Amino acid sequence: MKKIDEFNKERDRLNEIVMKYAGLGLKRFLSLDNQFYTEGALPAKTKEMLGLISSFVLRCDDCINYHLDKCNQLGVTNEEMEELLAIGVLIGGSITIPHLRRALEVWDDMRDVA
Amino acid sequence: MKKIDEFNKERDRLNEIVMKYAGLGLKRFLSLDNQFYTEGALPAKTKEMLGLISSFVLRCDDCINYHLDKCNQLGVTNEEMEELLAIGVLIGGSITIPHLRRALEVWDDMRDVA
Amino acid sequence: MKKIDEFNKERDRLNEIVMKYAGLGLKRFLSLDNQFYTEGALPAKTKEMLGLISSFVLRCDDCINYHLDKCNQLGVTNEEMEELLAIGVLIGGSITIPHLRRALEVWDDMRDVA
Amino acid sequence: MKKIDEFNKERDRLNEIVMKYAGLGLKRFLSLDNQFYTEGALPAKTKEMLGLISSFVLRCDDCINYHLDKCNQLGVTNEEMEELLAIGVLIGGSITIPHLRRALEVWDDMRDVA
Amino acid sequence: MKKIDEFNKERDRLNEIVMKYAGLGLKRFLSLDNQFYTEGALPAKTKEMLGLISSFVLRCDDCINYHLDKCNQLGVTNEEMEELLAIGVLIGGSITIPHLRRALEVWDDMRDVA
Amino acid sequence: MKKIDEFNKERDRLNEIVMKYAGLGLKRFLSLDNQFYTEGALPAKTKEMLGLISSFVLRCDDCINYHLDKCNQLGVTNEEMEELLAIGVLIGGSITIPHLRRALEVWDDMRDVA
């Protein structure tokens, strides 16, 4: 099983617990999270890249995984991913390098169709 | 065994290592950590909620677990916890959602008296 | 003129510019920002204190000023404020001390009815 | 004089002081800062948007101003800017709203050709 | 008047307001802040450099100014300062560059004995 | 097997994946990461301590482990390590305590020659 599929499965399991407790306000917030990434003046692909680099410089592995998956589905290439992550490392500094390693491990595993 | 009990056991084990190395200054800092949460002008329950939301927006799972346990002991209800975490997500942004998931998993497990 | 009144005036001026550009999604987000602090299972006063300490440990002076004003209006006392900020300094560390200074300057000016 | 021109002038003045002290390593780092934003697999415009949102969620006003200027020069529209900043606010949370206000003030001033 | 002297004067003014409100706990925290930087197994000069780089990567200008002053008093040279700040920029990333500019402006002004 | 050796082995494995994707810019950044810590106006030992405390206040366990290893190799004593970490906890606040626990566990294991 791909690392990203394990991640998504665990995410779904935990989201059920969130929904058990979430009130109206929190549900509204969570629904915004979907609305903001849809095709608009900016293409959905660009928006997912914006989401990815934000998650990267804020150093949240789960958020990185989520956007890596979306970027992959929307056709981001290896070269584009490398350039995006390089900017993330430059802005965020060497403190982000452990996240770079984990992000590329997930990406590499995701792209491996052997 | 509850998740929070496993967490507390591991915490105790590591605290012994800390005490092996801690000098006077560090010990004083660590003792402040207990003094600041005692009943005062603000009730202990409010103080633990302040500690929890601070830990949440700063995105430290171990700190979140610690204050979740205290909040539970001091009578925070599910509704109060949901409102607190909703404010945390709003202020801290969607980058905190993975911490919301993990916090509610621990809380749910803690409250489950089946 | 009180420092907080100058702050609120400037905030209103900038909010007009935000509204000139904000689309539906952003407007929804901004409206959530009001909804989450209303009286509920937790009193509005407690919610504003949660907003204040979150702003404090995340080190945002404008956000601190906003919640200081609300806390003052909702009856937070000097003793309660001191205990809240002490927890903020403890959790956030000495890096927050410049924000402590500025927060107490605004608070002191706000409370001064001479 | 436009706000961004004042900002750039002050930035140039301070960069001279930096260059007075910078050794070889620091100079290499600073030169990378230019290389990473050039046209590549990703267009320069996309790269500046990635730089802008990273600066936004990390809450650095000077960095935001720098990338706002570049985005403007590379043809980012008001609608694109709004969608970018909305994602930034969603991910970074309401703690970023003061930066949203200041960013849109600079952007509005920059776009004003009256 | 040197920039650092203006900074210290303003800091003293605000500290008086802090002392007007500070309770026992907060006073204890603030006194630790002095104790931890005294000569010990590590020289005071090294400790101030540790304080400076921490303040730098956490991006707090006031904290940076405070430790720049102490480093200057304890004999840190221009070359040592440059190497310290270069490591800070590398670890903290390009997001720290505006703080580098302001730090070197204060340092340059401090060292100028013309 | 020591914890640090497991950590280094995993790090090497992930670095191979990074090198598979890294372009020229990213490789240059990564090479700077080595250059900045060499003996200069500041001793290599001091530089590693600067790297450690920066990693500590920014709360990155992998970065902490990396610099703990280097500090150990360059002769940092238990007393020096304790003073460094105490300053880190003071500046970074109680939110860093879980990282203190994990850092001292790795350090204790590293120093244990029984």
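Note that the chains are named A, B, C, D, E and F in the order they appear, and that numbering of residues resets to 1 at the start of each chain.
Here is the rule we go by: a residue touches a chain if its C-beta (ideal position, glycine included) is under 8 Å from a C-beta of that chain, and two chains touch if they have at least 3 such contacts.
Nothing here was measured: the structure is a model prediction, and the numbers come from that model.
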Steps in the shortest chain-to-chain touch route ending at chain E and beginning at chain A: 1
Between the pairs B-E and C-D, the one where more C-beta pairs touch: C-D
Angular offset of chain D relative to chain E [C-alpha, multiple of 5 degrees]: 120
Most remote chain, CA-based centroid, reference being chain F: C
Chain located farthest away, centre of chain A as origin (C-alpha): E
Where chain B and chain C are represented by their mean Cα positions, the distance between them in whole Å: 23
Distance from the mean Cα position of chain F to that of chain A, given in whole angstrom: 27
Residues of chain C touching at least two other chains: 25, 29, 32-33, 36, 54-55, 57-58, 63, 79, 82-83, 86, 89-92, 94-95
Complex contact set, residues of chain F against chain D: 25, 28-29, 32, 35-36
List of chain D residues in touch with chain E within their complex: 11, 14-15, 17-18, 20-23, 25-26, 29-30, 33, 54-55, 58, 60, 62-63
Complex contacts: residues of chain E adjacent to chain F: 32-33, 36-37, 40-42, 46-47, 49-51, 53-58, 63, 77, 79-80, 82-84, 86-88, 90-92
Chain A-facing residues of chain B, complex: 59, 78-79, 81-83, 85-86, 89-90, 94-95, 97-98, 100-102, 104-105, 107-108
Sites on chain E touched by chain A in the complex: 57, 89-96
